[in-house]
């Protein structure tokens, strides 16, 4: 399907973007590159927000299928000794969005040269990393008229040549909570004149363990992590406040609700039992990314003609593709980019993260095939 | 003050009572013996309840001083290989009430042969061990018209020849609590369908530790002990309920109230945070035994003419002498009965507990001297 | 496949066995019934132990396929107001083994009337409920020469007409642990002279929660339940020992090993930190029941011609079919027997448990079809 | 004993020092003032370290009695609207060392004008607040040849006109501990790949509560406070390390040793049970300040001729006078400086702390009388 020239262009594009990483909502250069490339192909484009780009090929017909890539990079200093390493100090494409963008551009090129009936929309979104750029795109109309959406994520734990496509939830809902345990500080030698928030916070941490251990169905998945705890400045002074921050990861809505409710109950009532008062801020950062089972079945069929399709893949990480897939049927596939021989083994968000570029044409094929299959046969 | 004959009588009386121990409110033989002995001396007596005995010498005058002994034994099988060992299987004078009764009888004999102005009341109460016989005596009028009361307790940790007399609280307030943690049982493989009271009870036990560690003034004393915990019958079934029983010991009223309040708060709110419900029964078994400082000063002076007076002695045990001392000025003294050479070293409530009978005449002298001193000089 | 007569016979058999339930290793009447029925069909049988029965049809050929049923009942008093209710007070077929046995007998009858090449073995085992009768059968040679084994379990949570057949682990490994926390008892008012095992046990319960909450991969399943805790007899005495019993449920071997190791580490080291000593007894009651993926695929194909095949079904209960499936490829299928309209909705081990007898012929068909398919086509 | 002129001089001195507070080991102005004043009186002086000053009157005789004052201030911004408020921003005599120094200077003046046999040493030490200046003075020879030492501390909780002088320990041993809980950090969504030090630290805090609650004799005093806890920087990252700092307060050596041992055991073994590793640094900042009973009796007699002597006073604060009193018999008395009418009620170390200057002549009288009494009569 792809000429050697096109494969070279794909790598060139990916490396260009890799060398010029931009943080969320600041993807000005990247958005310009995407926009120019699509226009060059004769594809109509428009912006959503400052850095979101949408392109559309409208060949008539009823169906409109969307393909989505994300464009933002991470605040990480690259440590890879490669010629295409980041030129932008402290910023790096350590999660493969450079590859996502390049693959979708080349897929658009391939598709723009083919004949088909239907509408294809290419969504290049900003700010996937913690800023929920997807929601901004949706608010800006990116999903209007769309019947189904396809996303693809390079995956460092899968070898090149492999696709992983699961049914149902494949990435977790991500919450952030902050618990401020307010006691009443005082001299460390006079605990009886205080309400000790250090002891209270410790009790809360203990009790939070029972959510996963006791409250959640053992056949379901959840994580409750306190990542930061901080209170007091002196060894001999009981502080007024201990602050904790943490994250909750879940797949199913009922588990999500259960865990949120239990975090709040535990913080509130255990602290009250210990004579303190807890304030809980609880934010939903990402919803769970849930694959439509019919689309997932189709995606596995499509992928099985390109590479190996492994057993189901789920992980507790978050992804704002979830926002699209809440509104229209969606499928989010993982593309293997690990290559032990080449030493491409570092995990996502590592300063040594890289992708095996041999895998990129497979991703383009998957996107092209999915687009045509869904337009032609529906689902 | 005491003839050899009287000392022999003292020992004979003590051994007689020791051989025939009776549990609380069942001191029929002992009460009969006491009553007969007092009447023999020409002392007027009357009963309070079935087994309480009061005697009074009324030589006119304004003041009325009470001396008190307790008569009940414990449900313990004696293990002492002595000829005067308990004849009553499973019942034993393992706390020295036999000595208390014998000493007060002989003190009454000595005093009945002396001239003095005033009224002396001898209170022989039942059921000191956990049944609060003192309260029954008070309800029956034992304290009516009494200006001050003196109690004496043999003490296995002090050597013969020693008195210990403190100011303020000398024995603890004793509370009993029962916490029933009600969850919702179920299969051990399905914790999410239950509310696990085992985990909740464990949290409560943890949180109870903070009362003494954090809430009570470190310069004051308190104990919170969970002595019994029990829940569940099968390894693979989560029970509905876990029961805990425990005791609280305190000296000062404000600490007493604080600890009771905290036990209830912790049980209530921590269990609520863990999704269970705690029912707390909280009983006051004994109040703190608080010595009147003026009486204690007099008692130390009196005792210092008989033996050695050690530094203040307090312990976290309970004593229903406290009931009298709440209503009229009282002093509760400890009489050393330990004798390492004789092997009389076992603690109270041990099946090997015994008293050094050499100490008993000192106790009689103390009671006699206190009675006369308080009648003559007031306080 | 089945005549009405045969369906009636199937129900008659099930009800006969239901009326005469027998506890594990005491299935004398049931074993006799099975043996007689098989011999009547001309099937060779032999016993393993007192109550295990094996039958075999040997039509030559290379392959030998086993079908397995379990025969024991539970110590439960039946509360169903049905004419075929248990005649044996306090004993009841509350887990459907009556249906398992009846289905396999009728399947043997159907198969004995058919022509096929190969060997079919019918394993009727005793004592599945907690006594690991499967292991006794294996020790007695029940699996010798067997190439694959098929098991079927009626399932109260699935409606009649449904099969649930998963890949990999479908029922959990079941462990039992007993932790004896040894401290040093004493008077409740003198905690400093003791080593308090109640406080220590509570710490251990807390720390055990971290195994599932922190140590086990959130994408995997595990349960750690303390079902029984017991220590102390008096409110004011700190006991010497607190005993806890509990269960661990896992699917994968590495999770199994991890949890066992962590239970022991936590009990050992946390108790040491709290000044006590923990003795841990840890027993493996059941291994995880793991379906061979090839057999599971075949079973789903077979079942899909008989009824509806639902998504994967796993549960944290235990099953000694696992013992067979550790040694030869096996598949364990769940057969829906729930019928809301008939009020057949009570869970396994309930005194109201029943099975929708309409489902039983489907189970026979599944067993017959699996036997033939595996003999004919292999796997 | 004191003329009005001398009382005015006393106040003038105190205010001068109050206006020019200096932190520990930086008391250059104060030391110069002290030195000049003593020399003016004809008293021989010498320095120990940069800012320690010793003066001595040697009238022959055998006995040598030392009186001690401390000179350093605290890093606190004074908030008192008084004309003599601190001129040194951020530094304040908020613990009364200005008064201590002024009183001892005036006592030296009074004593230098009297006739007596014996040697009097005046020790003006630096750095009492947490830096153990006492130890530096002792190393420099300040205690050489000294038979007994007397210290005096103004006390904001006692009213003017009151002295509090206890037997045995009157101020606590102060320890500082730092516990570094080392786990193994990682992504908050993957707890199973980490060893979570937040959970472990919480367990340690819980277990530390049992030291005071269970291990220490309830009739004795101890405090274990964790004043600072800190770990992690991001809500979704499990940190490598959690650090805690705290303080231990005890009176008796055996309690001191017990608590230190238990802190180390708990940190070590509980963390090990939770899969982490704890490093404990444990420092002894101050020993308990223990009054010699004979000196205390004398001091109460002496004080009772000057003001009211209250019941025993103990507190869990620390004081490096303890260092002197470990080596020679010592007594440390508290001088009431509270005056509700004047609004002088703020606690030590408050930016509003002040002393009722009416009390200062009483302190001088106490020091003069103690010096003469101990020289004349011995002890």
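Letters are used for the chains, namely A, B, C and D, taken in the order the chains are written, and counting of residues starts over at 1 for each.
The rule we apply is simple: a contact is a pair of C-beta atoms (placed from the backbone, for glycine too) under 8 Å apart; a residue touches a chain by one contact, two chains touch by 3 or more.
Keep in mind that this is a model prediction, so the values were computed, not measured.
Q: By that same contact rule, can you tell me which chains touch chain C and chain D alike?
A: A, B
Q: Give me the set of chains touching chain A intersected with the set touching chain D.
A: Touching chain A and chain D alike, sorted by label: B, C.
Q: By mean C-alpha coordinates, which chain is most distant from chain A?
A: B
Q: Could you grab the centroid distance between chain B and chain C? Build each centroid from C-alpha atoms only and quote it in angstrom.
A: 57
Q: Using mean C-alpha positions as chain centres, tell me how far chain A is from chain B in Å, no decimals.
A: 69
Q: State, to the nearest whole Å, the distance from the C-alpha centre of chain B to the C-alpha centre of chain D.
A: 41
Q: What positions in chain C touch 2 or more of the other chains?
A: In chain C, residues 189-191, 196, 199, 203, 206, 209-210, 213-214, 218, 223, 249, 315-316 touch at least two other chains, as defined above.
Q: Where on chain C is chain A touching in the complex?
A: The touching residues are 206, 208-214, 218-219, 221-224, 249, 314-316.
Q: Which bits of chain D are touching chain C when the two form their complex?
A: 189-192, 194, 196, 199, 203, 206-207, 210, 213-218, 262, 265-266, 268-270, 272-275
Q: Sort out for me which residues of chain A touch chain D in the complex.
A: Those in contact with chain D are residues 172, 174, 176-178, 187-191, 196, 198-199, 201-203, 205-206, 209, 223, 225-239, 242, 245-247, 249, 315-317.
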